[in-house]
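In the two complexes that follow, chain A is the common piece, with chain B as its partner first and chain C second.
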Partner chain A sequence: MMRSAKKELINKTARALFAAGGVSVLIVIILILIFLFKETIPVFSGAEITGKNSISVSSKIIGASISERGNLISYVFQGGLSLVDRNGANINRFDLPEKILSAEFKKNTLLVADADKIYLYDYRYVSDGSASLDSNAELISLFQCPMPKGMKTAVVSSKDDTSVDIIYYGDKRIQLIKYSLGGNIEQVKIDTEILSVIKSAEVYFDGSLIAVSEDGRIYVIDESGNVSDVLKEDGISAFGMLTGKRGFVVADLSGNISVFSSSNREGSSSFHKIHKIESSGKKVTSIFLSDKDRTFAVIYEDGSMRLYYSTTEKLLLEINDINGNMLISGNGKNLLSYGSKLHLYDIKNNHPDISFKALFGKIWYEGYSEPAYVWQSTGGADDFEPKYSLMPLIFGTVKGSLFALLFAVPLALCGALFMNQFMHPDLQRLIKPAVEIMAGLPSVIIGFLGGLWLAPVLEQYLPGILLGLVITPVAVIFAGHLVEKFFTRSGGEIYGKEIFIILPVIVLVFGTSIMFSNEISTVVFNGDFKDFFFTKTGTPYDQRNAIVVGFAMGFAVIPVIFSLAEDALSFVPREIIAGSLALGLSRWQTVSGVVLKAAKSGIVSAVMIGFGRAVGETMIVLMATGNTPLMSLSPFNGFRTLSANIAVELPETAVGSSPYRILFLSALILFIFTFAINILTGFIRGNMRKESK
Partner chain B sequence: MLLIFASKKKNKEQIMKKVLLLALSGLVLSTGLFSQNVSVDGAIPSYSKKSGISGSLNSIGSDSLINLMAFWSEGFKKSYPGVKFQIEGKGSSTAPPALIEGSAQFGPMSRKMKSSEIEAFVKKYGYKPTEIVVAIDTLAVFVSKDNPLKSLSLPQIDAIFSKTRNSKYAKEITLWNQIGLSGAYSNKPISLYGRNSASGTYGYFKEHALYKGDFKNTVKEQPGSASVVQGVEKDKFAIGYSGFGYKTSGVKAIAIAPTEGAAAVEATYANALSGKYPLSRHLYIYVNKAPGKAVDPAVKEFIAYILSKEGQEIVVKDGYFPLTANMAKQQLDKLK
Partner chain C sequence: MKLEKTYTYLLAFSMLCIILMVLGIFTIVAMNGLPYFWLKNVAKVEMTDGKVYYGEIAGVNPKAENGSETKLKVGNRKIYGQDFLRIKDSEIKSVSYPKEIIMLERDEWGNAYGIISDIGGKEFDNIHSSVMEDKKEIMSLEKGRLLSINEEISKLNHRITKKSETGLEEKLEKLKTESAVIETDLNSKREQALIKTFSLVLADGQTDELKYYDIVKKYQPNDVSLAGKVWISVKRFFEFIFADPRESNTEGGIFPAIFGTVILVILMSIFVFPLGVIAAVFLSEYAKEGFLVKLIRNTIYNLAGVPSIVYGVFGLGFFVYAMGGSIDRIFFSDYLPSPTFGTGGIIWGALTLAVLTLPVVIVASLEGLKSVPHMYREGSYSLGSTKWEVIKDVVIPNAMPGMLTGLILAISRAAGEVAPLMMTGVVKSAVALPFDSSFPFIHLDRKFMHLGFHIYDVGFQSPNIEAARGVVFNTTLILLIIVFALNLTAILIRNRIRNKLSRSGV
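This part shows the complex of A and B:
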């Protein structure tokens, strides 16, 4: 009585403990899922306005600027420049010439022009040491010079510590002149006549000038002054160069917005229309671009404004009652509209560079000759166009796992079947733990050996190894047949220990085929397999390739599949087997007709779980592949998986930035992937159980 | 469970041993990779310990220098256990604001301060920040030691590694005979190795050798400079870039011409020092020192440690070039 009560108590406690364990695992998984969601969701939110300040100005504004951190505003009026804070309070005032016609701020410069002269200033915001705010500005006069004859507009193109480049254009002529900071002309870089009236011009990244005309022509003038390319649009109403100077935005007369960039095909560079945003039916009056990223503001004739991002073609924000121009602050967090009044908007625009299309679609990036799936998340400079396509990574994950399974499934399943059904119990007791030890091998070491030892070996002996993979199974079957013929029937002493005859056969056959690898190369592949493959397919043979990873990762997956499949086979009741044998079926008939059928669901789930293991494997792929984000089916080049990508890139991405959130998104995708595999496994298993009943 | 099992059965023990041996040999191999071939100038004096140094030191700046800073701080703490370090590496542009605000005494940067950044500093303090060169970072382009290739121009390197070819080199280079190799190399594809995108090396190479363009998808990105070299060593048709300090006897660094047609410059310590080699840069630490006044002794001692024999040995260990005795002295004098 007492004992059974005690037992009851133990049972109850154990049950409660197990339940608690199960539930807490579930809770942890759900929490991880929630965390991953929380980190990724901000990626898909658009831009929004979080605040607005209006500042009234008594005089007519000729030009304006907003400081890098968005808290100070400068505006030029007739005879002066005012610096105010975001509430309109005066901070500083500088004198400028009277009767000015235009004032343009650009990258620490202010260029003012009157009817016949230009005045160049160094104008910059300064901070008193606090990292988040600018406190003042300073204006230093650099030089003034007469506007060259026939020219109407002057624009600063670039300025460094010793010189400044200024673009001049008039009706049919354009010049690019380099001045010293003292105002001496150092070099007339370009001076060219053009057939149309120039509307706007900017310098491209390679030093050539891009000039657009009202009638819709885009002239590309190279460094030696020759017009190297002319593109034709249906009239041009606005133009602007994107940050990085690798692409520019053009609006045509019907309101369509296009982004152009050049690429180097064989021998020459040519321009392509890489993005097109369909017209909203309104005419565009001007385009203003951000210095920080590829965000640009489009102003329409009805006074409305739309904020777009070039790479994703995403409409970020729309404001209806802008009357005038729109500036984007250096940190991208503020917009300033100026016309008769100043309006300062605070905006939240953290991830303009991410959209569904950016992650999963083909995008035509600046400098590329066609749309492509590209993963290249960082660059050396701030003006880099990030490329966030997850497709090559998802492709790589699936490719790697499939190659691992290709190698692991036949070996693991046949191994498990042979061991469980045919092997002598003494040997069984030896093999099973050995395979389990295999599972304990750290994957860093497998990856290391795969990349630095296996890859070169495979490169050298590939034809032999491939041949070995084909003929060894044949030889094994043949050897098995011989064993059957000469030993089993005669006395049965060999029963369960056939492996001692088959193993030397495997070693011999595989070894021989590797030994003759070079000969096979010479005879079959005209000397070198790699050359043969390259000339036949056009894809180079890469030393770190999918086959290497297949072997290395297969090595890690084999124990998983082997153990699970072996367990499934062990659960087949011995009585069924005994019954089948007693009814006169041979051993093989019993195995294929009875055992395998009974263990089917277990074997399928073993493979699926092996697949799940391969999908999540990180260190092996990280070390044994080149992490090349390719999308090629060729077994002889590498790939990059989601998990390796996270391991490679996460350590140095800034918390909260776009790449950071995308890495979390790829973690979420991995999670969902394995989750789906597990659910599918359960489902298949359930179905098979029902069937077998 | 496995352990019990192994102790019971002899043959299982053997299997375990074999596995362990295999694993160990892997580890030995991997640690053997980090051998160096540049040594610190013998004329740089050893660091001599002072007394009474304590306090907490903050460093905010370059991420490519974060490892060096960590090693230096560890070495420094051996002499002065009382000194506390806090090191942040979020990029070179975070250094100037931190110095201006006074939230850090050290601003490690992998580039020179821009004039605007210096001006912001001057605005607050009335004098310029003190720039101290602490190491030389040189990138080398490696090929296997048997490769007959001697030199490449920067635009050729761009055409080999980049798919955008911003250098305007006429044709994409994919085969070895396109850069003049014949014999065993003719018609063989070039196999590309490089660093992973999180590294400063990747960014620097992209900006200077690729003219800000994009890498080809076929560049095998390795998680460490040593594995780039190891990859090139094992792959006869490979070319790869990484820090020069990681060079082994199995690879050779090729000479690089800054422009098409210019004379190629060997990647040697001397050329890196003179600035002739196109892929070389100084690494800096900026400190706030008022003219005529002494800096905080802990700051001074830390810089002295970096510029000592021990500090420069750490530079070599982390894969960079050390300063010469003369340079080290010049830098040290800036704090006097």
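This part shows the complex of A and C:
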């Protein structure tokens, strides 16, 4: 019979279509992998310069500022202030006093000083209302006053709607004075003499003053004027307070950079050197800090600049030819260097807060008394130091999985062995679908029952349940022994139907031990188990803890391990079993000596796949633990897993932000981990099939 | 020898534990959920100090600190401040069940218990049912025509202000007048419905003025026979399935969650079924055993083991942000920055689940294809069919049960999967269903409710979890029944295929 051309065409098209469908599966997995990588990789990149504008200025620049979004630049020269856009075009000009020695911008203020007076202005960038971008600036004179006697430098420390705090320091004296916006002194907060020449000073978050001297001393002056803590460095060449005011950066004479922060323990605070960046051999002249995050710019005597991030100690960027000073814009996307010229750099610095060490190592965070693994991606304030250690989450994942396996492996393997080798075929036909139904139960239901039903029950009857778990198997063996002794001899054949004998034993023994839970509690634990546990270990009992997860997630893992193990057992050739029995070995000897040995690799791979399932399980841990990222070994404490962390945080995380990418990294870790397990077990099972043939 | 034998008892014990746990899950859920539908008698409790309470006896705690205590659900939360009351058993003078006590289910403030004296039972029912008719009309107007008019108005406004299109003002005015007319109509209807009130005499003698409008159902539990109660329980079970939630999901029904799940699953099936079948047919009929096929087989095997949360992350990043974001930039750029498709929606949830369930469909379809005896194919070829014709007319029809098994298992998985949906658009309470009477009827960008997520949300995010127990356990029960039925069907079909396979000796 001849086939028409049309038929042939349809046939070929169908072929192509089916091939495309088959390959699409491959494409899907490659897409997932590529996509996860693509979203993760930028996290490990440093900062880079994406653009540079140079603006030439005719007069010498005394001070400068850059707007939040980096589109406006202000600079102070003798007698005036110019506002220009990023190309240098003039937008506005304000008059300032002649003969000024210094001009310092700080959060909506401008402080100008000449030889004997200071002038304070309110200076802020404004938008014309229609656009969100700033388009102009306003300068309002607040007050002027003479520089206090013996003082050389004045710095604004903070300003609100009614008052402004100014720090003055001279050679050996330092003052912190609160003014009203009209210029009246409201309060002299601190006025203290110090032994060495002050180089720089800033206010710490608790209200004390941190002052550093040329000879390397760091003074902490509390609000009553006491010099409460003196740290010693090897000479200090530059100093700056990090945003949030809970840590400060100090550069010593040989160019080492250190970050200090205090921790509070039992009411008294002490300072620690929390980060150290080794010297690059050049002397540091000044440090400029970002208001947005913990990025800071270090200027060296040879005119080069390095951008670092405090928490991660990461070198983000290096620029060689800057002239003088370096400002960081409020959004962190622009750098402005000023001296004889203005240079505006556009930089990409999206993830300064992430490094390999930040994710997997111990980091000494501000306010901590020692380095720690902490996950805390959001905090109350804007200047909160985010903590992105994945270790507590990995710990939680492993802890949860191990508790689940602890419960699931013995039950699933013993169950599978029983069903495959001992159970009556009629019963098998009934039990197999039950296990399959168990595998199909949604994890949200298991998690829900774990968290809302099991957790309170466990809390109430814990001693009884624990006792039941121990004595029921013993009672079962005992009962089995009795049955074997007295009943089989009288002709009753019970092989394969043992479960009907065990059922009443379980109900009786387990039920009794739960009934007497309170009594056990009173006798063994002097009343309440939770109190007993707390006084013994010092950690409180969480209602939703690792034991609850162990049961709940174990429940989800059992059918996985059961089916695969049963599969492996049924691959053991019947001839081997028959041979073993024919040689006179007992049923049990055959099972333990022959069957288990032959199915060993399959059983191992079943357990591994169960582990993989437990590692990725989300809803159960989300519902059955408290989701606190603790690193506690106690079985009665909760934890947070990688997967639950993604579920909790990802929906509320900004696209492209550091936590967003870290959550993608967590997903990638889970993906690769389960993938590796699958490949490995696939290999093992492949071998197993070959051998059985 | 003897001791060895007893080891088998330990194995049997493990097996039994597993079975008991499966049965236990069903029992626990049913026992905690079903009593919620039972109409409990309302007790009149007289205390020794002269106080009187009406309420359902919710439990007795014999080991309370000050002797035995009874937990009484007294309702009337608006007046008493809380639903439950604990009273000492020693202070109870008498407990009786007067027939005239009424239990009212309300839209807000929980149940009310009391006696209606100013109006007869029949008359009450008449007024109530007429008010309920009005309420239904008001609701359907609000959710139907008014909602779609307002949507249209905002679209027109947008076109006028952002795109400076002209000639739309007239249309806009017309819509605005229509909207105003409907609204005045609504308001007058609602006013008329709202002024109808009656007074409920509470246990302590004070009267509460209640609106018919707020009453969902009136019961006189002590006057209902046992058979009547059974009938009412059955009715309440179906009301639970078909009613909307009340009191921020802690009361009422779960219809939107069931509806959302169904639409989600249908959408997912549209994506996953053809693709899964095509891939399976390729692997079984076309592909020659080689590196590529081996790779694809391994990939399917591996995809099945990838945690569902990873699919969720992929769905959020790829479908929602990358694909949805692109669609927004191309077709809905006027509405930016507020996203249309660039945020979670039912289409993205369905696509994510389709990727997740793809291996399930493929594996089951492969098994189905394997069960088609080679003779069928050869016979067909010998009659001159092309390969496509053999596949279309012989292989696929015979493999259909296997493929359907895959689809059923995929649906069962999707009905219970929550984690990926949390990333791709599931919400605790959807304003509008993803499918309704306004054009284009299916709104693929809308957020949706889902049974599994409902369990998580009501059970773990509700401010008052005690009050939500009934809803959450019964939602779990419904999901459990659905999943059980689906899985059982799949298992039965598959066993038939396997039997066929072993009979045909392939």
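The criterion applied here is as follows: the second predicted complex is superposed on the first by the 609 of 693 C-alpha atoms of A that agree within 3 Å, B and C clash if a C-alpha of one lies under 4 Å from a C-alpha of the other, contacts with A are read in each partner's own complex, and residues count from 1 in each chain.
Everything that follows uses one rule, which is that contacts are C-beta pairs under 8 Å (C-beta built on N, C-alpha and C of every residue); 3 or more make two chains touch, one makes a residue touch a chain.
Small disclaimer: the values here were computed from a predicted structure and weren't measured.
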When chain B and chain C are modelled together on chain A, clash or fit: clash
Which of chain B and chain C A:Phe18 touches, first, second, both or neither: second
First (chain B), second (chain C), both or neither touched by A:Gln543: first
Contacts of A:Asp206 with chain B and chain C, given as first, second, both or neither: first
Partner chain in contact with A:Val615 - chain B first, chain C second, else both or neither: second
Contacts of A:Met623 with chain B and chain C, given as first, second, both or neither: both
First, second, both or neither for A:Gly367, with chain B first and chain C second: first
First (chain B), second (chain C), both or neither touched by A:Glu436: both
Which of chain B and chain C A:Leu452 touches, first, second, both or neither: both
Partner chain(s) touched by A:Phe534 [first = chain B, second = chain C, both, neither]: first
Chain A residues touched - chain C or chain B, whichever exceeds: C
Identified clashing stretch of chain C versus chain B [45-53, 63-71, 459-467 or 495-503]: 459-467
Doubly contacted chain A residues - partners chain C and chain B: 433-434, 436-438, 440-442, 445, 448-449, 451-452, 622-623, 647, 651
Chain A - residues contacting chain C, complex: 1, 3, 7-8, 10-11, 14-15, 17-26, 28-29, 31-32, 35-36, 39, 410-415, 417-419, 422-423, 431, 433-438, 440-449, 451-453, 472-473, 476-477, 479-481, 483-485, 498-499, 501-503, 506, 555, 558, 562, 586-589, 609, 612-613, 615-619, 622-623, 643, 646-647, 650-651, 655, 663-664, 667, 670-671, 674-675, 677-679, 682
Footprint of chain A on chain B - complex, ascending: 2, 5-6, 9, 11-12, 15-16, 19, 22-23, 26-27, 29-30, 63, 90, 97-98, 100-102, 115-116, 119-120, 123-124, 163-166, 168-172, 174, 187-189, 191, 193, 196-199, 202-208, 212-215, 217-223, 227, 230-231, 234-235, 238
Of all residues in chain C, those that touch chain A in their complex: 1-22, 25, 28-29, 32, 275, 278-279, 281-283, 285-287, 292-293, 295-296, 298-303, 305-314, 316-318, 321-322, 355, 358, 362, 384, 386-389, 391-392, 409, 412-413, 415-419, 422-423, 452-453, 455-456, 459-460, 465, 472, 476, 479-480, 483-484, 486-488, 491
For the chain A and chain B complex, residues of the former touching the latter: 108, 124, 126-131, 161, 205-206, 244, 246, 263-264, 266-267, 269, 365, 367-368, 374, 376-381, 383-384, 387, 392, 429-430, 433-434, 436-438, 440-442, 445, 448-449, 451-452, 455-456, 459, 530-531, 534, 540-544, 622-623, 625-630, 637-638, 640, 647-649, 651-654
